[in-house]
Amino acid sequence: MNTNDNSRREFLATGLLAGLALAGCSTKKNPFDELANDVKPSGEMVKLLSVDGEVIEIDKAFLKPVPDLPQVSNEAARMGIAGKKFVMVIDLARCKSLKKCQSACNHMHHIHPGQNWIKVYPMQDAEHTAPYWQPTTCMHCDEPPCVKVCPVDATFKRQDGIVLIDSDRCIGCRFCMAACPYSTRVFNWEEPSLEKEIADKPYSCETSVPQKMGTVGKCDFCPDMARKGELPHCVSACPNGVFLFGDMLEDTVTNGAETFRFSDLIKDKAGYRLMEDLGTKPSFYYLPPVGRNFPFENNEKKEATK
Amino acid sequence: MEQLAKQKIIQDLLPQKFGKQGKIWVAGLIVLCIIGVVAYIRQLSKGLVVTGMRDYVSWGIYISNFVFFVAISLVGSLITAVLRLTNVHWSTPLTRIAEIIAVSAITFASLIIIVDMGRPERFYNLFLHGRLQSPIIWDVIVITTYFFISILLLYFPLLPDLKIMLEVKKGFSKGMLKFYSYLGSFWKHTPGQIKLSEKAIGILAVTIIPVAFSIHTVTSWLFATTYRPGWDSTNFGAYFISGAFLVGAGGVVVAMYVFRSHYNLKEYITYDHFDKMGKVLVMLALLYLYFNVNEFLVPAFKMKKPEEEHLRGLFTGEFAPIFWFAITTSMLVPILILITKKGRRPFPAFIAGVLVVIGSWFKRYIIVTPTLLHPFLPMQDVPANYKHYFPTWEEWAIAIGSLAGALLVITIFARIFPIIPIQETITEKEEHEKALS
Amino acid sequence: MKKHYHRILLAIFGLLPLLMMAQNAEKNSLSLTLKYFNNNNQTQYLVVQAKSKIDGKFQQIPNIPISFYIASETVKENLLGKAITNEKGEASLLIPPTAKAAWIKTINPNFIVVSEATKKFDEGRGDVTITKAKIKIDTADGRVINATVMAMKDSIWVPVKGVDLSIAVKRMGGNLNVNETQTFTTDSLGAVTAEFKRDSLPGDATTGKLTLIATVTDNETYGNLTAEIPAVWGNKCNYNAEFDRRTLFARRGHSPIWLELMAYGIILAVWGVLLYLIIQLRKIIKLGA
C-alpha cells in the first residue's frame, strides 16, 4: 500500500517534470497551466469553477504549483530537468550593491551566519579602468573544474547544466574549493546554526537545505524553484533587475518584470563570461557596466578607511 | 674465526631494550601522540572550526604535513631500489631504516588526510562512490599500492633475520619469539628459498620506483590540476619528487646518526656512509634548488597578474620570512655544510639532515598555504579572520602528534626488529672477504 | 467631586493613545492585498499577499492563516477555503465548485480575505471586486495573433475597448513579447492584432511548437486574465545534453576511455606483479614447511 502510494507520487513528480520540461513553465503570475498537453495526467482530479460558472475537472498534474509538491528523489536530482539548460545573465550597469540578492539567498537556503553564496565584489581591473560591482554566484560551468576533482560524485553536473552538491555524500576534502577559480564554494566549518525544524529535514540536493557540518555548500541556481516554474530567489529579490535567469533552450532570460531574448541581449550588449581563458565555460554571463543606472560608490571601503 | 665474526655481528645488530634515554624518548612521543588524539577528538566533536582554516585557506598544515609525509616516504624507493639497481652496495645497512621510514610515513600520510576530512566517517564513500576522474582517487590507489610494496620490501629481507633471532632466543620475551615465529618460522634459509626471495626483492625494487614516482607526482597533481597561481605548473611533478628525495635522504641521515649513537652501531654505519650520504644529499639539494629556480624564476620573469601578488607575498611580503627560511635551511645551508669533507662527518651531517627535514616541512607549508590566500577574485563578503591563516593549537597538536606517531612507529620497529639487516651484513662481509682472498 | 471626575476622564483619555501604542508595539497591523486570476478561461484562483510595515519597511509576512470568502465573510456558506501564506507572504486558492451559486448570481463577484489576529499581528482584511471577463486568442496566416477581451454584461459576453494586454511567447519565469510592442490596447471591437517577429525562436523538440499567451495584468475592472494558444512558429529545438558523454567532469562510471584504459592498465599491471610476489611468498613458505 505504502509503496503504491510512493510510486504514484513519484509518477506525479515525473509528470510534472516532463510538463515543465517540454511545455515551458508558467509565469509567476500564472502558476496554473493546463495547456501543457505533454504532461502525464496523475489520475487525481481537482474540481474547479470556470469563468462561465461551470464545474470542470482538471487533473492535479496540470496544476502548478502543486500544494504538496513532493521532493524529488536523489536520483532525479542528480539527473536534472530534461530538456533544460539554465543560464544566468548579470547586467553590471544596474548593480549598486544593495545585496538584496545575498540576503534573500542566505535566508532561503538557511545559510550559516557569516557565509555567503552570492558575493558582490567591488571590481577595478587596473588603476585607470572603471570600477563596478560584480555579483557572483556559482558559474555552473559546462566543464566544471570542481566536478572534475570530486572523488565521490558529491558534486555533479546535471543535464540541465546545474552543478549541485550532495551534502549526504560529501566527505569534506575541499578539493573542489581549491579547484574552483571563482572562489564560489564555502565550507561548513562548524555545525550550521539552523532551526530544529529545518535541521531535521532530509537533505535535498535541489534545495541545498539543510546545510551540514563538514561539507561544502554553494549556489545551486534554485532548481526547486525552476521545477515550479519560478525564478531563483536572488533574481526575484533584486529590486534593480540585475539578475536575469532563463532557459538557454528557450533563448529567453527574465528577471520577472522584463524578459529578453537571450541571444539578442548578449549580442546587443556584448555579454561576456568570467575567466573565459580558463576554459571552464560558465553558464553565467555578464553585461558590461555601460550606461549605468547608478554611479559606483563603495561605502564599505570608506567605512573601512575610517 | 669466521664463526666468531658472525656471532659478533649478530650480537651487535640484535634489537636492544630501551635504555633510560630510550624510555624517555618513547614516553615523550606517546605524550605528544595523546595530545594529538585529544585535539582530534575536539575537532571531531566541534568540526573543523577548531582549526585556523577557513573558506579561502581551505587547506592548511594538515595538507602540508600530508605532502611532507608522502615526500619523506619516497626515500624507501631511493635507498632500496635506485641504489640497489645501480649496484651500489654501501647502502645495504641503510635499506631497512629507509623502508621503515617509508612505511611509517605513508601510514601517517593516510591518517593525516583522514584528519583533514570534514566528514571522516564517510571515508568509505571513496570506495563506494569513487570517481576515477578525481586525482584524489588516483592518490588513494597509488598510496595503497605503495604501502603494500613497502611492506613487502620490508618483509622479504626480514625473513633471514627472523630465523637468526629465533635461533638466538636469548634476550627475547616469549611473546616476541611467538611473534617472530608467526612471521617467519617457515624460513629455513635453503638455497631454494634464498633464490626465490632474492628474485622477489629484485622485482619489488623495480616495481617500487614507478609507484613511488606516482605517489608523489599524483600528490603534486592535487595542486597542479587547479588553476591557482603557484600551483598551476607543469613542473610540479618533478619539483615534488626532487624535493621528496631530498627530505627523505635528509631523514635517513638523521636516523642513521641516531641509531648509530644509541645502538652503538659505529662499525656498521661508518664515516664512509655519512660521507656518501652527504654527497647524495648535496646532489639532491642542488637538484631541488634547480627545480625551485625553475618554479619561481620563470613566473617571476613574466609576472602575470594573478602570479604577481602570490610571488611578491613570497619574496618580500607576508610569507617572505618562512619562504627564505625554508629555502635556506632545506637547501643552501646543508649544501654549504656537506660540500666539505669535514662537513660530511657524522655530526655535521646529522645537523645538515635535521635542517633539511625542518626546512622541507616549512617548504611544504609554503607550497600549500600562500597560494590559497591569492584567489583570482578578491577576498570579499567573509569575516576578517578568513583573510589570514595561522594554525590553532589543535592543528599544531595534531600535526606534531602525527610526526611523533611516525617516529614512534620507527622506534618500536627498531625495538622489535634489527634495524640493520643482519643476514645481509654477514653475506656482504663474507663476499667481501672472499673477494679479498 | 466633579473635579475628580474630570481628572479621571482626562487620565483615561490621556492614557488611551499610550495604551494603543503599547498594543502597537507588540502587534503590527497586517495589510492583505487580494488579486483575482483567470487562466485560459478555465482555472480561476485568488492570490493574497500579506505585508506589514515593520521598522519603517514593508515586509512580506509568512505563516499567516487566511480565509477566503465570496460575496461576504459573515455567511458561513460563502467560505471558499483556507490557506497559509508562504515565505513570500503569498497564499493562493483555486475557486472551488461550491462557489457556483454565488458566482452565477452576479456579474461583479466580490472576494474577501480575512486573517485572524496572531501573536505578532492584528487581524487583517482585504477584498477585490471584479467584472467577469475572458480573453479569446487565435492565430492567423502570416504569423499574426488576434486577441479579444470579452466581459460579461447582462449575462452575455461582449467585447471591451481600451484594455491593455500583452501578447507574448510563454517562457519560464516570464513571457517574451512577440515583437517590440510591450502592450497593446483593445480597439472598439475589443480586439488587438500582433505580428509574430521572433524569427527562429526555439520551440519544442519535435515540431517547434510555441505557446502564445495574451495577458491582462492587474486590470482594475477585470483582474488578471490570460489565454493561451499553441503555434508551430518556432524552430525545432534539438538539444544534446551530453549527459552521458565520457568526460573528466562526468559522473562515476563515465570517465574517458583513455583514462580508464590507462588507470586500469596500470593497476592491473602493478597488482599483477604484487600477486605474483604473493605467490612467490607462498612458494617460499611451502619450501620451509
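In this document, chain identifiers A, B and C correspond to the written order of the chains, with residue numbering beginning at 1 in each.
Keep this in mind: a residue touches a chain if its C-beta (ideal position, glycine included) is under 8 Å from a C-beta of that chain, and two chains touch if they have at least 3 such contacts.
Please read all numbers here as calculations on a predicted model, not as lab measurements.
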Selected interface, B-C versus A-C, where C-beta contact pairs are more numerous: A-C
From chain B, the most remote chain by mean C-alpha position: C
Chain closest to the assembly centre - both centres taken as Cα means: A
Whole-Å gap between the CA centroids of chain A and chain B: 46
Separation of mean Cα positions, chain C and chain A [Å, integer]: 16
Distance between chain centroids, defined by C-alpha means - chain B, chain C (Å): 61
For chain C, residues contacting two or more additional chains: 248-252
Two or more partner chains touched - positions in chain A: 145, 148, 153
For chain B, residues contacting two or more additional chains: 129-131, 133
Chain A residues touching chain B - in the complex, by the definition given at the top: 102, 114-116, 119-123, 136, 145, 148-154, 169-175, 177-179, 181-183, 185-191, 213-216, 275, 278
Residues of chain C touching chain B in the complex: 248-252, 255-256, 259-260, 263, 267, 270-271, 273-274, 276-277, 280-281, 283-285, 287-289
Touch list for chain B against partner chain C, complex: 129-133, 138, 141, 145, 148-149, 152, 156, 159, 185-188, 190, 192-193, 196-197, 199-200, 203-204, 207, 210-211
Interface residues, chain B side, partner chain A - complex: 46-49, 51, 53-56, 58-59, 116-120, 122-123, 125-126, 128-131, 133-137, 140, 222-223, 225-228, 372, 375-383
Contacting residues of chain C [partner chain A, same complex]: 37-45, 87, 92, 94-97, 99-100, 103-104, 132-134, 168-177, 198, 201-202, 204-205, 211, 213, 215, 217, 224, 226, 228, 230, 237, 239, 241, 243, 247-252
